[in-house]
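First chain A sits with chain B, and in the next complex the same chain sits with chain C.
Take a look at the complex of A and B:
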């Protein structure tokens, strides 16, 4: 997994690629919670290039979402490849996370 | 005092040879000591006592390189004052390049220091703390297969002002053995720890299995339920349970805890006990799922449960189902395989929600096959995943097979081949017999 933290039109963006699984999710958790500590009003996670996500990866985002909701922020997902979108819709997680088309779609919401 | 007569060259040579033989004998003693024990603490004390004897020195010490902190820490410090060693172990560490030991660790070069007080590299911090005065010393890097292990020092030769080049050769020979011994002792400790963890995991797996139904098959009325689970790493996060929530009904739960290993297994134990409490006396699976969700609203580290709970009537074949983020199940009838992706909610433990209940009726011979994602997410040695559609296609091809669940397990096994299974695998079948 590769994980970059950047900015898009004044919003925090975490860009991911590779497999988000039990081996890589501890590193993702460190970065995600590190960013959330500063309470950004909107945090976008860009999934372009993510090949797989398992339940430990999803749990990391569930934990992040709970923190973000606590301060009334927003956690948005963008550019989900079809295979990742299938995992989210399979497990009805599309009802839990705010899933957007691309970064512009996310910031315009 | 009577002066000794001068030795002739032959006698001097003989004495020197005798000394070398004696040194070699002591080195061999050290070798046999090193192979006698793998207990690191016992070994290092014994070896350094011998080192002092071989080198005829006042004191000796070993500093171990801590890879996490990047500093040298005193592991052994032997001198006539026993308290000095404890002081050094507790209070003194050296960075790379700091003091003579730090210089040796940085350059990986051995060194003989004639007069420590006049050497710029010497740090008198340790001497000040212990009251010991370092005069002359040898410091040698201890290097193993994995790089720097530490630095061994021998201080103040007895009856001489300074150590010789010969002393350095002897000490280096000794240090090569010490480095090997230290590395072996660490490997041994690590393998002991691995073995201990393996046994703990095996015990945890035994305890976890005790949470599953005592028999994998449950038959009552016209219904028959069977379950099969295979954890990926001794203990896993998959679960299933059969129970009779109200008379005449059979409850069937299948679930998958996020994550794997001991944390998932502990969480699984909590889920099963919460479920058994919540399902008692309730025949609506949506109500049970919603109660379970409320009870698990504050899970640690975002952990969640995907689950499906079905309550079947033992006389009529009517089945009520509630799904929480769990993969679709298969309904196998006499003529077809239906993929049942019912309206449901997200996994349990994520958000406040009331889970809906759906209803269906099984005809005689109909089967519901429920799986966890370990079945279709199984990966082969080339990194390819099996996929849900492949499982559906396999079920269609083998829908007449009475032992379809076992066939599916074999199918996943033959796809996975030699690759390590990364996820638990669970299949539960609910069948109307007549």
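Take a look at the complex of A and C:
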């Protein structure tokens, strides 16, 4: 898994690629919670290059969302591949996370 | 049913990708479509993650054995460990409407496999039997 932190039109973006699994989730958790610690009003996670996610990866984002909601921030997802979207839908988390088509869609909301 | 492949890997999360790759190739060799292959790959990965977490309590020096079998009617995947016995009564996923971290793995396993059973005859450790029957549009 690769995880890059950047900026898109003044918003924090975490860009992920590769497999998010039990092996890589702890590193993702460190980065995600590290960014959230600064309380960005909007945090976008871009899934464009993500080929796989398991329950540990999903749990990491559920934990992140709880932190973001605590300070009334927004955690948005963009560019989810269909296979990843299917997993969020099956888990009923597509209604919990703010899922956007792309980065422009996310920042326009 | 004939066992067509067996892998024996260390109980380290870094080797889960190896199990996923073998599972992927096995499903492809059985003629399964991409969607079903992805679901089986995730389910097997979750079952092996559970072995690391609950049977071995994070000990990365143990072994996980995965056996793949197929016939015209079904595929079977058996996952064996030598760790702490699982209590099938206590293994159930969380309510999907109860949004909190964790508790999804068993849902991923049960959504794709028709049989999910621990072999009560195994004296030490666990033997989890996962069976997917041919049916609908699933080619085996």
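Note that the second predicted complex is superposed on the first by the 109 of 109 C-alpha atoms of A that agree within 3 Å, B and C clash if a C-alpha of one lies under 4 Å from a C-alpha of the other, contacts with A are read in each partner's own complex, and residues count from 1 in each chain.
Throughout what follows, a contact is a pair of C-beta atoms (placed from the backbone, for glycine too) under 8 Å apart; a residue touches a chain by one contact, two chains touch by 3 or more.
Please read these numbers as outputs of a predicted model, since none were measured by experiment.
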| item | value |
| --- | --- |
| Superposition on chain A - do chain B and chain C clash or fit | clash |
| Chain B versus chain C as contact partner of A:107, first or second or both or neither | neither |
| Superposition clash, chain B versus chain C, among 60-68, 168-176, 204-212 or 276-284 | 204-212 |
| On chain A, positions contacted by chain B and by chain C | 21-22, 52, 54-56, 58-60, 62-63, 90-93, 96 |
| Residue ranges of chain C in contact with chain A within the complex | 12-14, 16-17, 20, 38, 41-42, 45-46, 49, 52, 96-97, 99-105, 107-108, 111 |
| Of all residues in chain A, those that touch chain B in their complex | 21-22, 29, 52, 54-56, 58-66, 90-93, 95-96 |
| Chain A residues within the chain C interface of the complex | 19, 21-23, 52, 54-56, 58-60, 62-63, 83, 86-87, 90-93, 96 |
| Parts of chain B lying in touch with chain A, wherever the complex brings them together | 237, 256-260, 301-304, 306, 324-328, 344-347, 350-351, 373, 377, 385, 388, 422-423 |
